[in-house]
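The next part holds the structures, each set out as structure tokens.
Both complexes below contain chain A, partnered by chain B and then by chain C.
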Partner chain A sequence: MTTTTAAPTATAVRRPPELEVKGMTKRFGSLVALDQVSLHLKPGTFHALLGENGAGKSTLVKCIMGFYSPDHGEIEIDGTPCTIASPRDAHHHGIGMVYQHFTSVPAMTVAENLVLSRFDGSQFLINWAKERERLDDFMQSSPFQVPLDVPIAQLAAGQKQKLEILKQLYLESKILILDEPTSVLTPDEADEILSLLQQQVKAGDLSVLIITHKFREVTQFAEEVTVLRKGQLVGHGLVQDLSVADMAEMMMGERRELKVVDKVTQEDVTPVLEVHDLSANKDNGLVAVNNVSLTVNSGEIVGIAGVSGNGQKELVEVLAGQRPSTSGQIKINGERYLATRKEMFKHRVFSLPEEPLKNACIPQMSVAENMALRTFDQPPQAKGIWLILNAIRQAAKGLVQQFSVKTPSIETPVHNLSGGNVQRTVLARELSSEKINLLIAANPCFGLDFAAVEFIHAQIVEARNRGVAVLLVSEDLDELLELSDRIIVISSGQFLYESPIASADFSAISHAMAGH
Partner chain B sequence: MSSPAESALGWWGVLLAILAGTMRGGTPFLFVSLGECLTEKSGKINLGLEGTLLMGAMSAYAISYLTGSPWLGVLVAGISGLALGAIHGWLSQQPRVNDVAVGIAMIIFGSGLAFFFGKPFIKPTAPQLPTIDLAGWSQNPAVEAALKISPLFILGALLAPFLHWFFSSTRWGLYIRAVGDSPAAARAMGISPFKVRMLSVMAGSFLAGIGGASLSLYYPGVWTERISSGQGLMAVALVIFARWNPLQCLLASLLFGGAQALGPALQSVGIKEGYYLFNAAPYILTLVIMILTCSPQRTLTGAPGALGQEDA
Partner chain C sequence: MALRKTLESICIPIAAILFGLLLFGLFCSFVGANPFAVYASIWKAAFGSWNTFQNTLIRAAPLMLSSLCTLLPARLGLVIIGNEGALVMGGLAAVSMGLALGTAVPSFWVQSFMALAGMGAGGIWIAIVGALRHYRAVNETISSLLLNYIAIAILNHLVGGPMRDPNSLNKPSTAPLAEINMLGDIPGTRVHWGLVYGLIACVIAYFLIQRTTFGFSTRAAGGNMRAARLAGLPVGKLTLTICFLAGSCAGLAGMVEIAAVQGAANESLNVGYGYGGILVAFAARQNPLAAILVSLLVGGILASGGILQRSHGLPDATVLVFEGIIFLVVLYSDSLYGRLPFFKEKPDRLPPAPQPAIPTSVTAQGS
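Let's look at the complex of A and B:
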């Protein structure tokens, strides 16, 4: 993908308008998502919106974009108050948003998606010759390029994200709101895109409001920062005046020392998980995992890094028994492993899959029942064919206390719990067994607040110190660099880089994530 | 449909009969499958087209009989399809409502309405749609009968490439595809999935109504309660077979029409054994298609992403 700086276009470039949000409040039932939040986005600035998960950042920008209508509060554009009732109104005022989850139609090509996103409802026919010309001109003058005739479903995640940004530029948005745009990009791509946008902001063509939780992006690209915590505005200032510690304190509400989890050096090292030449396919029949081999020893954390969509999801599904492999072998403790329940019990294999509500819980069943899923067919929770419900309940009560699961009762259906507490439920079930040999974790901290993330990280390292072999698959590179003993990079279904963490080279990892 | 002239032609007669049957029997398949294709492209399954077909057949016949104009009958058949489609479109988009359940209910509702209002029209004969005779050059009455083409068939055959062009080169066509593939993406672009799907279901139902009109005003050209051979239900299989491509719907409809004509065609040359088996040809074809196209390994290419999903 070639990158060129924006050439001056023939049409007059409008200055981005000034956006002011005053006293915005939004409630969902009894939950106050936003409480009197104000934001001032000056024209031609790069403004960061900082806050941990659940702080209200997404809610605020969705109110600005017209997805939600706020209960109180005003939006002023260039000093005039206006109501934004739908994304169309937002676009009319020049505000566009790049979402965290792609909003392109997968079956249509890039060209069709770009044409579709323009709102002139007057035209019935699409003159493809004229549109192609317009699109080609636009691509020439835009900061990065995406092939026009490829269906979205076939684009890599990085290209999809670039397309989302291009779509907004094509629509001539002057205020660009980016919701965690770099979570699906390699570090190199993230830097590339953000610096190109920064150039446009400096040239006065664009204002950018970026939602992020990465301090590095704030300090490197943003000029101003607004911090939210639990739906309230808790801080605001120029980036040059604030240190990372100041911003962290505003985000979390207290000055915290990041707890470093101590790792214990291991004595006996035996291989627990051995994967030989494993291959697997995606749902549509294309190859997802391509002849990979790896070994995980006892008492070590092996991290697999990679951008979403490169085969890690399918690899974890094969190890968990959710997907058949097309070739290759898995061995645990030297014996062939086919992920049957008996083998899982015999070899003490436990897993923390991603999207736990979908992959590790039965949503309609209660917390107690979900916590019993590993043990309900063994005594003391079973006697012959009968379930001993009392034993199940007692065990659940103990686990809820030990792992601080916030739930109204153990009979509550697990889908009523918040994301963090669903993950704690799964954790309680998987990590409470006396003897664990192998733990497979995939994106265990996705979407969770700092307290939950710290707790889970501590649990994983503690398990490692006890001698458990841990395979940690994650899209968060920082998490892997912090926890792993060895790091592997997966790209297009193959392992492209492997190294012990002490000698790991960050730039080599970035390059491998991009497929080089 | 055998006659001495036809049996005299021998095996040529069978081929001619199949050709004629392909066009005659294919016409209702064509309209219903194009209608279902349009509906499914927007992400909704309309199983109720069987009821719409019957309602269309009945209303076309009734209006043709009462006013003397078969074309007015065709129009009213389409309008009755619009009405049934509006009910299905609204109901199936309510929260937590399942497409298939509504569809089955609409089959029962549509066919019930048709049979109830159609009782007085079973005996009388209504004016039929005019046909275009292509076989002026032939003396043989069988050949003449075989090459009588209905303008409805020609209309349907032109509709297929029109729909294909519509989906790729018009704004509305893109809206329908967007809503059917990813309603979240469509909403983000300011498109209302509810409105688009409502209109698609209604338009698809309009076409199915016309398909029903072809049954009672073209071939077989009568109104009875047994006039439908399940074309409405088979259309769903047909659309999957045609991979949601209108041009392939045309080809598939001709295939199904031909399969339907197999039994009577063979009968015309005196092959009476296995009569019921040959008449079962279209249904066996449907089953075979469903079995061949389902797979635990792969998702079907070309299927609209949001088809049959209840959320959004």
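Let's look at the complex of A and C:
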């Protein structure tokens, strides 16, 4: 009880503390994850921590939060050295972290989750009337609002992310660490949340340290940036003094312009994928996809835009064979398609689903076995009913080289690989086939670093230029505008807008995304 | 590279069994027997001499077969414990077939058809579980467990009623199989041919899972159903097939018990080889070859039941207590994998740290 009653007065007085990390080193076995990294987070600043996957961003933040104990280096808060041994200590110093994944209890309401976040076991009973009053006050004064009585399961991704941030504010964190907070949000949601936080920062109520690899977020919101590469501090400065090219150079160690992928104009176009009046349900039996029809031609990328949770996931699952449709039909090359293995093989259909470890890999099986998932029953990898293990291994070795998958060996279980390399494993499997007819990609770059995104984009456009029909579903509108030939907007399971990319109207797209 | 991993998967089950022995020793001393004398008796009765080891082998045979009933579906991610039911149904079908054919055809054919009938009946029994799972999303563990009771009830009904041999007085049984149709012993031993069936079945299961496209599909679907569907693998067909195969192994165990040991179907058919098979499958970590070894061990424990009763005054069910303790400890030990620092593969997680300018770094490929 004591903490809760004392809190409101403290909030009014407390300013965000100054956080300084000095010469932080962290080793995992022989791997140096962080090498003498320093970071200075001034009170009331919006600070970006930029770096590729594996650059040490998360390790640094986890050292600050007390998940890891660093081998060297110290943390100073307001000039006094202090040890942070656990996230609890970090909270005590006013440092809170918002994780990439959601940490709320889905079956409980927003109010219950907020109370739970603060629960420390000292109370036996919860005085709901009092808590409720406090929560209402808190919501009034917070930068954004989330309805208190709604169960988490009914919130959209953007609202869940807001709640995660609110939780930290409710805990009176004065330094907010955000770990890639916008990877689960649409651009509009991301902009909204970040600009609201920016206002708080400008008002001097908060310091924000945001981990990201999106330059747009850095240039638009951050005042200062710290860049890491391979565990080392490679750059630091005010955002206004730096160009995107400068930051990219620091991040990647070489000067590289953002590559614009060249498209080849296609001759003799034929329809590959035809969907007629397709409907499908969500897991809970509600309608997710409602009577949609579309055609994807050879050598064309059709992009599907939409706010997460508007049926695009279910649509992709039906096309990929992971979910039954409730009505309508799918034709590929003019033939009825039911997503059986035989048809996939015959029509050369491949998929890059989102969250590859969950959707496209068998985590415990080896890299080689995962790479063989499409081909293991075809010669030369199989002879009759027998697997030819040697052929599977040889093929995997070739793919590992060709797609530069970083793995200790091809026998390593795929879940031991980093996210980017899991994605590369799937890419190698799905894109290495000589003849691809149709590629279904859903958020293929979700949560990946800059270099990996560029690689995947290049691969997709390259496939298109070879004449592959590509259906690209993405929650990243920039990605769609960059890659698509034609864009469709899905909202509440229906297509509300369709246009060739050349004549696409941005405001009409966002209008349609909002359901109008 | 995988040396420590292999060592881990050998050491942990052995340690678990030793720890189970220790707990069982405590139990024995609690009920007033000298644990060390009990250990010695078990050893003597199970593995002491060729003569007693044959008793172990006789019991290991049905265990090998029935363990596959849990083991095969486990590779598809299903936890099926309907071994006892499938064994009983297999036994019933086998005895019906044997009695129906009588001595009209050569005994080789009678035995073959009995085996097929047993496998078919057991297979269908577990395929029902698979179908309920796939088409109606019924939990396979619960449905297979409940089907055990149904199978045992059917057995009791049939041997006590329609199929009862009027001459079986104190223990209702079906009519006995003709002597000539019984499975014989392996020459020079008291061990029946069922042991060979068990060994062959385990070896086939191993190759089926590890080396065939069917096994690959099964492991893929068992590891991640969503990825399997993405690759177009026929999950329903896989479920039904693997369940049928699993059940047919247990059904064959039932046939072996009928045709080699009991000679007729009666309540002795469900003496626990089904539940023992579950223990074997888990202790073997769903590896068919390891199941052979574990079956020998569990068979040995079962074989020592008599001597515990005779020499130590312990009740017959003591071996079941022992079996239960071992089962619990083995299940617990499953949670230790990856937790013990000694068995951690050290550099496995990440590729070697980038070291500046070592020209031969390319040769480090593969291992």
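Quick note on the criterion: the second predicted complex is superposed on the first by the 404 of 516 C-alpha atoms of A that agree within 3 Å, B and C clash if a C-alpha of one lies under 4 Å from a C-alpha of the other, contacts with A are read in each partner's own complex, and residues count from 1 in each chain.
Following the convention adopted for this analysis, contacts are C-beta pairs under 8 Å (C-beta built on N, C-alpha and C of every residue); 3 or more make two chains touch, one makes a residue touch a chain.
Everything numeric here is computed off the predicted structure, so don't read it as measured data.
Asks: Tell me the contact category for A:Asp283 with respect to chain B and chain C: first, second, both or neither.
Replies: A:Asp283 contacts chain B only, not chain C.
Asks: Using the superposition on chain A described above, determine whether A:Leu116 touches chain B (first), chain C (second), both, or neither.
Replies: first
Asks: Based on the superposed arrangement, let me know which partner A:Phe376 touches: chain B (first), chain C (second), both, or neither?
Replies: The second partner, chain C, only.
Asks: Tell me which of chain B and chain C touches more residues of chain A.
Replies: Ranking chain B and chain C by residues of chain A touched puts C first.
Asks: Quick one: classify A:Thr340 as touching chain B (first), chain C (second), both or neither.
Replies: Once the two structures are laid over each other on A, A:Thr340 reaches chain C alone.
Asks: So, A:Ile410: does it touch chain B (first), chain C (second), both, or neither?
Replies: Touch status of A:Ile410: second partner only.
Asks: Can you name the residues of chain C that touch chain A in the complex?
Replies: 1-2, 211-217, 219-220, 223-224, 226-234, 346-354, 365-367
Asks: Of all residues in chain B, which touch chain A in the complex?
Replies: So the residues of chain B touching chain A come out as 169-172, 174-175, 177-178, 181-182, 184-186, 188-190, 297-299, 301-302, 304-305.
Asks: Can you list the residues on chain A that touch chain B in the complex?
Replies: It comes out as residues 86-88, 91, 99, 101-108, 112, 115-117, 119, 121, 123-126, 128, 281, 283-285.
Asks: Can you list the residues on chain A that touch chain C in the complex?
Replies: Result: residues 28-32, 230, 320-322, 339-345, 351, 353, 358-365, 369, 372-374, 376-377, 382, 385-387, 389, 397, 401, 406-412, 416 of chain A touch chain C.
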